[in-house]
Amino acid sequence: MRSFRRVLIANRGEIAVRVIRTLRELDITSIAVFSEPDRTALHVLMADEAHAIGPGPSSESYLHQDRVIETAVRVKADAIHPGYGFFAENARFAGACAAAGIVFIGPGPETSRALGDKLAARDLARAAGVPMVPGSDGPVGSLDDARAAARAIGYPLMLKAAAGGGGKGMRLVSSESDLEAAWSLTRGEAESAFGDARVYIERAIARPRHVEAQILADASGRVAFLGERECSIQRRHQKLFEETPSPAFDEPLRARFAEAACRIAKRAGYLGAGTVEFILDPSGEFYFLEVNTRLQVEHPVTEMATGLDLVAEQIRIAEGAPLSFGDARVPARGCAMEARIVAEDPRAGFMPSVGRIERVRFPQGPGVRNDAGVYRGYEIPVYYDSLLAKLVVWAGDRDGARRRMLRALDEYVLEGVHHNVAFHRWLVSHPEFAAGRLSTRFVDEHFRPAALDPGRETSEIALFAAALHEREERLRITLPPANGAESRSTWRWPERRRSGPRTRR
Amino acid sequence: MRSFRRVLIANRGEIAVRVIRTLRELDITSIAVFSEPDRTALHVLMADEAHAIGPGPSSESYLHQDRVIETAVRVKADAIHPGYGFFAENARFAGACAAAGIVFIGPGPETSRALGDKLAARDLARAAGVPMVPGSDGPVGSLDDARAAARAIGYPLMLKAAAGGGGKGMRLVSSESDLEAAWSLTRGEAESAFGDARVYIERAIARPRHVEAQILADASGRVAFLGERECSIQRRHQKLFEETPSPAFDEPLRARFAEAACRIAKRAGYLGAGTVEFILDPSGEFYFLEVNTRLQVEHPVTEMATGLDLVAEQIRIAEGAPLSFGDARVPARGCAMEARIVAEDPRAGFMPSVGRIERVRFPQGPGVRNDAGVYRGYEIPVYYDSLLAKLVVWAGDRDGARRRMLRALDEYVLEGVHHNVAFHRWLVSHPEFAAGRLSTRFVDEHFRPAALDPGRETSEIALFAAALHEREERLRITLPPANGAESRSTWRWPERRRSGPRTRR
Amino acid sequence: MKLWVMLEGRDAEVEFHTEGERLVVEIEGRRLDADFRRLPDGEVYSLLVNGRSHEVRVSPGGAALDVTVRGATIPVEVRHPLEKVLQATRSLAGAGFDEVVAAPMPGMIVAIKVKAGDLVARGQAVAVIEAMKMQNELVARHGGIVSELLVREREAVRSGQALMRLKPVTA
Amino acid sequence: MKLWVMLEGRDAEVEFHTEGERLVVEIEGRRLDADFRRLPDGEVYSLLVNGRSHEVRVSPGGAALDVTVRGATIPVEVRHPLEKVLQATRSLAGAGFDEVVAAPMPGMIVAIKVKAGDLVARGQAVAVIEAMKMQNELVARHGGIVSELLVREREAVRSGQALMRLKPVTA
């Protein structure tokens, strides 16, 4: 068993900040790395040390394996925490860490290699006797094979890249007439995004829920189940909102679910924190999807419910220590929800937005945790993903958590970029959401951009505010300037008059 | 049983904001009141409605009973939440609310009258069979009576005003030679501060701990104990730092303590949230001090440990509903601590500081709650108390909470006024604190202002920063101006050279 | 003082009176108490209307003022009431302006889906921009004939940069 | 560039070199890598010293710069190294020594605002120096009677060159 003194975080944004916090609590020196546009990013300000690793594009910095490893060696890091994304599930990187004598905080390269390939993971789940969505036994080699497999499995179906992940490389096919086009698009995407054109077929489940099991496994073979998370609220196959417990679970289902997840982890010889993803059909059957061999974005909901610090557990495990709670069952309390606050415009197809954060005032008060990666004045770089913050709430029951989330969203002040706070307000106010009737089709089925149109009261307030602002400007220019010194008018009317009325996007 | 639709908050600052949050979660319209300098205070921004009630001095606004009640009637409030301070323990105000047909969220005027008088409260505790610090049975009428009582009780002793509170109207007397002077000072203070010159005597306990019981009592006679809080860290008899559970408690002590607190509450026919304060001597004996018939500043540590929302419970009780958890025991989890972030200078005798908040970045992440009453740009008014925010943390055990508190304090960015974040850093890093060896004498015994002097590394960083800043300024002026248009120098050297080196306050 | 205020789908005349310390706003026959105070925290105001508390950001945004209320940004134009008459006259003259498709954010143009001379329908995708690792289609708001392409594929663009110009098709 | 920096209980000479993109700080024989970047959030900088990350606020505060690090505000004075010598001389002489007004940078004296024998108040402007098209007033730190002018108008001066001498006025 070692004890880390210096840990390098090979990541940026809110997750790098998250890891720095736990390192500080554990008295471990936190070492940030940063790309050129990230010189004044929050993780650089908050870390004990920070080192430049290259220009903006990820491939030149956060995804430049040699630079990251060389930096870690030079600054004498004992271990590297990869966060999520970037190198988190990269077996080659984990191997390179080992070769450089640095501990990779995550499962070994063999585990991530085995579980990172979706087909290999399916083989493992099959061997463990865990139910899977019916599908092709392996990759489908040609369009003809795909047609044959599709007929056996039935439409609608999903085409999935074996190396896919993060919502990329998957496509729904409703009928045979769409198969040919989908086949070539998915293969092309898989080839270009992952360098691996292998594609397989799964039956599409109608109105499925996305549910996942948080597990922790230590070196002595303990595998603990820390509760499920429901992550059905998605757009473009990417999660927007998560909660624990799942409103669809009861105790018997939870017990079967925990058992299945732990069986897979044990079979894989898993080590560290991981997530076993499943889909749940409306009849209550669940099917294995994949294993994410890393900390998830949504891990805080599990932390709120269990009181554990998952990053601290990851570090303990990587140091060779047993789970902090040993063989005890970890009781979960109440209900936790997470809203991903993203720089995107839900009124315009969730298109990403960039810009400068002009003003922030984050929600506080009982049961609220807001993990932000940005601060006032911060300019969002174009190179990285658009997650600005994670708003997490906890309350004694689901309706309490929902009301608290709505209250915290009402408090959220974040100006300068488009963001999805109003979308989340819509979501948690929706009667179907309140009733817990979720599916991954929720957004498609229920959301229309017009739902976010400002109501009559809001419009009227905007009208008054504009008029009052204009009134102040006019009163200002009609008053004689102080000392008679300043003669330039601050009145901007003529400029604003130059073009026609701008319509709202 | 009624149901409130509109509640007026007769308070300001962080506690008004705290109450607004719960009202919003309960779908009750929150109505703020504000004095002139508070027009842009946070509670005004966050409430659903806000109404002016007068000029800055409390007596003209927040403590102007007629204006507050008239406003509540005019805006059709169903109830008034008093927060803490101001009218929170004022029986006359509670009576005026009742007369105006408005529910006062707190115990009735009789209860607060009975318990607000310290001598009456002592009588009640005596009748309930709860141990008290040995002292005079009632007020001491004359200096001669005081001498006689003092001889019977023994020195050192405390002289206390019967109507006192908030650390005011109490004085330690070490020996008979000091009694005469202390007698007239305390009586004078009691007369001028509370309009009630009655003074009584208690034996002074050496190195006592301040411990208190949070209770909730509903209209059906239920009295629940929600755990103790230890509030021994004080300066000028005012709390600075609180935690739950008390490191001095074990289960048998907690059971006896809970029983004593509930006995007093029942005897008083208590209704609502209240705190029964005790002192605990080094041998483990506790003695009744007083009952605070209101929400305490430090209530969030109890919320973190129990998961309850105490303001929501107060409102339920005031509506006539039973406690949300009925007759169930409320289990507490882990350890919570609160640091009061105050605008004062611990290096200069904790002298209050005013000014403008130039920049803030509050701590976030797992287990951290920061309830602030201020925001960037806010100018602290001179009229009110100097509490800026409450930093509350939770972790699975005391050492985890202590480390998390230190981490959160490290993250705290608050510029523009003197504050006590560095003091709290000193406190939680102190070995005696870490060992849980606390007493109300802790600050006097262990704290010296020099403990906050910047260390060598900090000084050197300041030195570099100043030099680098100066270098940038010089490089800026030695560069040719753009377009040659601007000829005014930005160089400020001569100005700064004008006077000698300024010494640090 | 009287102002003419327009926002999407609505326009109104707003008149202000001061009565002692009070500021009264008249709109569509209603009289409301208003208090408008700048916060020390930016282009932001606290607005109380008959006691209702609102935090609003007012910033110049192109042709209009951008007002942000509860996370929604609403462009509002404020003019002199006289202009209402002028505008009415202009509207009668009909449209006939070029449409310019502009980049909504900084990024790289990964595809241009039309060429000069193409007829583009309202809402048709004309280009794809990549930013923040996501590709997004840009559509023609009104449509028309592509009269000019102003960027090429693989070109980096600034936010607001014009990408192409469309000429309206006269009916 | 070399600067003399004083803070309570300590003073040091700090020298800067740029080596390519790197900025090296020399202090008391040690050489440290420094990177100093203004944040978009006020008078605040991110300072990396040999990789150690610090967030510092630097604001003018009377006679010194107020530097805030980890919640502690520390006044720091930054001067030209030559002043150290002068100060030392002055200290030796005790009260009643001459004040020398020196050029803080290389440049040209464009104006001398006093003549020998003039009584100069503390803080009064005595000369104007121009460097790279910018003019800066030089002021008397303590004041006194001008005993000697050491340069003329339109004369080029080196950094640290003495410009005039002031005799203290005895009380």
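The first chain written gets the first letter, and so on, giving A, B, C and D; residue counts start at 1 in each chain.
The definition used in the following text is that contacts are C-beta pairs under 8 Å (C-beta built on N, C-alpha and C of every residue); 3 or more make two chains touch, one makes a residue touch a chain.
Note that the structure is a prediction, hence the values are computed from the model and not measured.
For the pair subunit B and subunit D, chains touching both partners: A. The interface with the greater count of contacting C-beta pairs, when B-C is set against A-C, is A-C.
Centroids built from CA atoms put subunit C at 48 Å from subunit B. Chain centres here are Cα averages; for subunit C and subunit D they lie 51 Å apart. Measuring from the averaged C-alpha position of subunit A to that of subunit B gives a distance of 38 Å. In whole angstrom, the spacing between the mean C-alpha positions of subunit A and subunit C is 32.
Counting only residues that touch two or more partner chains, subunit B has 46, 375-376, 410.
The residues of subunit D that reach two or more other chains are 41-42, 55, listed in rising order. On the side of subunit B, the complex with subunit C involves touching residues 31-32, 39-40, 44-51, 75, 356, 375-379. For subunit D in complex with subunit A, the touching residues are 35, 37, 39-42, 46, 48, 51-53, 55.
Those residues of subunit B that touch subunit D in the complex are listed here as 358-359, 410, 412-415, 419, 421-422, 425, 452, 454, 458-459, 461-472, 474, 477-481, 484, 487, 489, 491-504. Taken in their complex, subunit B has these residues touching subunit A: 17-18, 21-22, 24-27, 46, 300, 303, 307-309, 324, 333-334, 361-362, 364-372, 375-376, 394-396, 400, 403-404, 406-407, 410-411.
Interface residues of subunit D, counted against subunit B in their complex, comprise 1, 3, 5-8, 10, 12, 14, 16, 25, 27, 32, 34, 36, 41-42, 44-45, 47, 49, 54-58, 60-65, 67-79, 104-105, 122-123, 125, 131-139, 141.
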